[in-house]
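Paired with chain B in one complex and with chain C in the other, chain A is shared by the two complexes that follow.
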Partner chain A sequence: MIVSLSSSAVRGIDGYIVRVEVDASNGLPCCSIVGLPDPAVREATERVRSAIRNSGYDFPSRRITVNLAPANTRKEGSGFDLAIAVGILAASGQLALDESVREYILLGELSLDGRVMAVRGVLPCAVAARENGFRGIVVPAANAQEAGYVHGLRVIPATDLGGIARRLAVGGLENACAEGEPAAGPESSHEAGGLDTTSGSGRGAGPAARWPEDLADVAGQAAAKRALEIAAAGGHNLLMIGPPGAGKTMLARRLRGILPPLTWDEALEVTRIYSVCGMLPPGGGMVTQRPFRAPHHTISYAALVGGGMADPRPGEVTLAHNGVLFLDEATEFRRDALEALRQPLDEGHIRIVRSSGAVLFPAGFTLVMAANPCPCGYFGDPVRPCTCPPGRVSSYLNRLSGPLLDRIDLHVEVERPRFGDIQGRAGSVTSSAVLKRVTAAREFARERLAALGVPSNARMGREHIRRAVRLSPRCRELLAHVFDQLQLSMRAYDRILKVARTIADLDASTEVGEEHIAEAVQYRGLDRSPVPVRVPDDEGSRPTSRQPARPMRD
Partner chain B sequence: MDDWRYWLALSRARGVGPRKFLRLIETLGSPERVFSRTCGEVAAAISVTLETAKGILENRPGRFEDEQMEAMARTGTRLVTFLSDEYPPLLRTIYDPPPFLFARGRCLLELFRIEGVPGADRPWVAVVGSRKATAYGRAVAREISFGLARAGAVVVSGMAQGIDSCAHRGALDAGGDTVAVLGTGVDVAYPASNRGLIAEACRSGAVLSEFPMGEGPEPWHFPMRNRVISGMCRATVVIEAGETSGALITADLALDQGRDVMAVPGPAGAPMSRGTNRLIRQGAALVESAGDVLAALGIEARAVHREAPREQGVPDGPAVMSFLDAGPATVDQICEGTGFDAGRVMSCLTVLELEGLVEKGQGAVYCKRRMAE
Partner chain C sequence: MLAKNRRGVSGPAVRRPAADRAVGRAGEDAAAEELTRRGYVILERNWRCRFGEIDMVAEHRGTLVFVEVKSRGSVRFGSGAEAVDARKQRRLVRLARAYLCGRGRAGLDTPCRFDVVAVDMSRPGRPGIDVIEDAFAVS
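Then we have the complex of A and B:
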């Protein structure tokens, strides 16, 4: 007898439906799984055998064949256990399944004693279930909350094989309601518009308590705080340069506190990613805070952008989706890893191609990088002397490639605070005040951005800038003056206009004025050449093969 | 002309340093003539063994010299030899003057005198300092060089990063003349970022080096180069120098050569001014402007006024400027001092920068740009 059930698996961060067919026939007793199972799936046989026996059923002494369709896709993970076990029970005649079971997805890992254990990626599977017209989904009880975020899908929590088998038996599904649906629907919280309620785990403690990091904790650093505000309002990427201990990390951590809260759709997207990575908190609550990811500079290429052999996994760029990716000591990161950031920075997603196919991961984040001004970190410090040879000072920041710097609109230099600063005063600006301004600026820009079809000022292309930023003759004059006098490279031009647009938004001004442009110019520190050279000319002075590599004395 | 090959060959011979080289040409005539002498004559002239003398004479011009001549022809480089009128007169007087200098740019004779005024020697002044200069040091270097060049002095420096580059820049900005003495061959742009500046210096002054064409930067070149810089000049002005800066070597050499040493003071405890402050403590003349330098040299400073930039436009400008009067400050300090928010201060600083009133240094420090007095 053949039994056919539905389960689901995840590829990339999208779920897809897997049909689980179980056939019990006469022959030598054995149980084989076909359909490109990976080891974890193949081992399901053993888990299922014990789970069935320990749930009071018999494991049939027959020849059992399990097929996972589509048969040509590699299957990973342990989520098929439940479907296989139920299928075997039905195929061996120990369980008469309800007709409507075919409208449900079965998901869950079995332990040897028959309990149903939590699995990764329940949310994308639930989304796939709804999109494919399924009526409901059976999930491990621990994942019920997560599955419940998908509206219009009935969620049946499973705690043990015996229990769920009885639920799925004839007539069991109809009166499921009587047994009480899980407290799945977060309707209440989501209709209230706020995402303050996390899972039932009591983490939701109100917005104030959730942001222990406040801008007010940072003494001084007015310029950097202003840059953070602009970054938050316009979605601009930010580079902070300063000596060790200047508070670069401290400042970066406070960026997400001044970003507007996640919308429902954004939160769902983030939760989906974290669900696939198995990083949701116990109980499977929704991710309600913008992610803040700060990978260490030794991170590998694959870990940063995503990858893996057969089945690519999301990397840090995807985990930072809708949030902040912070790269401390940016110059120390592997060059290839940094360069790989270019696609996500441009397009908001990253495409990873493997022999088995391509996967698209969302990766729309605000990039914050921090770097020391030189290898020892103290170049330009008013008190501590820098111990680096001058050549290395100038080459140090060159490790960040031009194309990458092109995608970073704001450069800001951070000073090491003096003792008096820390002692004397806490910052006067609180995160909530800044958040208010940021929200207002985003609101102000929304209509214009919608008309242009871009998500933020930072993503404006040259054509968008031309349409969104109208320059008065005086502004033009100012810009010409700026490029002439301050030795800015032309690549700064678009960045200045974009940042000026955001500053104007913060000012609630439809026109970009001189003062906005003037301020934006200050955030292009790295485009200035240290010693002004007027006539680029190389008459006869060709570099020799002996390149200066050694330190020299003045 | 072809004589140059013998100069090059003789300087490369084993056992011939600058001193022996000069003794040879004093007693035996030009290098070409030296090569036609016997071992005995050479050995007697510079008191070496016959063996060494033989080695010297065997080192006749060869492929290397031909290649050098080719490279010189390609870049329009001359050899200014010790016997030439072009050889800087002050440099002749030091203990170990280089026998010749490779030179690109204008004829040095034009730089010795003010044209049409017989006897009016133009002072050559070295302006040197750290490669890791602060905004303050850069500003002062440019301002002093600007003033010196306006007053008719020739600004000599080493074309390194930092103070040296700013010194050349300042002199060029004033439309004055500047001489760069390199620690590499004159056809090597080092640091590469100064390629344009070297080309400019060639046009309105000269670029000199005692090292062969194509020679890269070797660590021992720079102290040698420094003795030439200080030796050519009447005075050496050290603008910023850390505790171990090479600029201090130049100052020591200048003292050995009997030249004046002057230093620009820095704030107490500033790492980049430790060296200069120490020089002052040891008796170097304290200078704050081109006028001070000229006065110390006994030259009447011709009033050089850079037209004072007009303050205009920005309403917040005066407040920020008066705060910066007290010294360089970070954006933070300006915000606190003026009570403006960061955005307003940043915007204002750009305008002040454009007006040439304020300069930005390392690490978000802004300072008032000082004007030539």
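Then we have the complex of A and C:
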């Protein structure tokens, strides 16, 4: 007898439907799984065998063939266990399945005692179920809340094989509602998560973050704080350069406290990614805060951008989607890893191609980098001399390639704080005040961005900029002057306009004025001065304070 | 591939001491008695072919059962059931296939099962008999 059920698996961050066919026939007892199973799927045989026996059923001593269709894609993970077990019970005549089971997706891993364990990627599978016209989805009880975020899909939580088998038996699915489904209906689960159920794109997905760090903790650094505010409001990429101990890392960490709240749709995207990575908070709640990822500089290329041979996994750039990717000591990162950031910075996603096919991961993040100006860290410091040999200084920041720097909207030099700055916290801007301004600016820009179809000012293309930024003749004049003086690239010019647009949003101004452009130009520090990026190597041209204290080796 | 397993190809290659063989023989008799009591119809005993020997072939509730009997005079080295390891399982599967082939097409479509009977004769008196139904499957 052949039984056909539906399950689901994840490729990239998208779910797809897998048909699970079980055939029990006579012959030498044997249980084999075909359809390109990976080891975890092949081992399902042993888990299912024990789970069936320990749930009060017999594992049939017959020739059992399980086919996972489509047979030409590699199946991985343990989510097929439940469908295989139910299929074997039905194929061996121990369970008469309800007709409507074919309209449900079965998902779950089995433990040896028959309990249904949580699996990764339930949310994308639930999305796939709805898109393919399924009526409902059977998921492990621990994943029920996650599956409930998909509207119009009935969620049946499963705790153990015996229980769910009785539920799927003839007549069990109709009266299922009467039994009550904990955290199953979309409404109830949304309430359980304390979230806004009306899914308007402008609504917030959760309360604003409450972080212990506050911008007021950082002494001085008014310019850097202003740059952070602009970065948060427009989603602009930011590079901070300064000596050690100036507060670059402190400042960057405080960025997450001033990021605007996620919209419902953004939160759903992020939750989907974290669902695939198995990184959702316990209980499978929604991700309500913008991600802030700060990988260490020893990170590998594949861990940063995503990778893996047969089944590519999302990397840090994808985990930072709709949030911030912070690279501390950016110059210490591997060159190939940094250069791989170019595509996601431009396009908001990354395409990973393997022999098994290509997957597309979303990677729309705000890049924040912090770096020292030279190996010793004091190049350009007004007091403390730099001790690096001159060649090292120029080669140091050059590790950040031109094309990469070109993609950074805001360059800020963070100076060592003066004693007076350390003394009083009074007057320093607080995170809550900045967050209020940032949220207001996003709100101000919302309609315009929605019309353009981009998530933030930073993501605008040239055509978007042309439509969003209308320049007065005086602004044109100013820009023409700046363009020639700084010998800007076309990309840098676009970035100035985008940053100016955000600054105008912070001012609640529909027009981009001269003062907005003037401020935006200030953040092109590395375009403006040849120091410290392109330091001339000959000694004579360097000011005395920057003389190397050590004798040169070469 | 068959040549790898000397015992599988040529039958019991190791000449066991007479005492062990006596234990084995007595164990099989005790096992046959127990299985018959449980409703098995013994079809063959010590069915031999060029791959080796099946201790018993029986029919039980419409299923063809291949029985491996392991007798132990002492449980010091583990029970008889533990002695049916992966290699012995593969050998039994091969023998079962050979047996089914001998029965023609009908043989391949018969529900089948592998049982292991562990006979413990370490204590005087009636041997302890443990029948493990559906002990393993073709892997």
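What we mean here is this: the second predicted complex is superposed on the first by the 445 of 554 C-alpha atoms of A that agree within 3 Å, B and C clash if a C-alpha of one lies under 4 Å from a C-alpha of the other, contacts with A are read in each partner's own complex, and residues count from 1 in each chain.
One rule holds in what follows: a contact is a pair of C-beta atoms (placed from the backbone, for glycine too) under 8 Å apart; a residue touches a chain by one contact, two chains touch by 3 or more.
All values derive from a computational prediction rather than experimental measurement.
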{"item": "Touched partner set for A:Cys31, first chain B, second chain C, both or neither", "value": "second"}
{"item": "Touched partner set for A:Ala222, first chain B, second chain C, both or neither", "value": "first"}
{"item": "More chain A residues in contact - chain B or chain C", "value": "B"}
{"item": "Which of chain B and chain C A:Val383 touches, first, second, both or neither", "value": "first"}
{"item": "Chain B versus chain C as contact partner of A:Val414, first or second or both or neither", "value": "first"}
{"item": "Which of chain B and chain C A:Arg459 touches, first, second, both or neither", "value": "neither"}
{"item": "First (chain B), second (chain C), both or neither touched by A:Arg62", "value": "second"}
{"item": "Chain C-facing residues of chain A, complex", "value": "25-31, 59, 61-62"}
{"item": "Residue ranges of chain C touching chain A (in the complex, touch as defined)", "value": "63, 93, 96-97, 100, 108-114, 134, 137-139"}
{"item": "Chain A-facing residues of chain B, complex", "value": "74-76, 104, 128-132, 134, 158, 160-162, 164-166, 169, 183-185, 187-200, 202, 214-219, 221-223, 226, 241-243, 245-247, 249-250, 269-272, 330-332, 335-336, 341-351, 353-354, 356, 360-365"}
{"item": "Chain B partner contacts - residues on chain A that touch it in the complex", "value": "220-223, 225-226, 242-243, 373, 379-386, 390-391, 393-394, 412-415, 421, 478, 481-482, 485-486, 503, 506, 515-519, 521-523, 525, 528-544, 546-548, 550-554"}
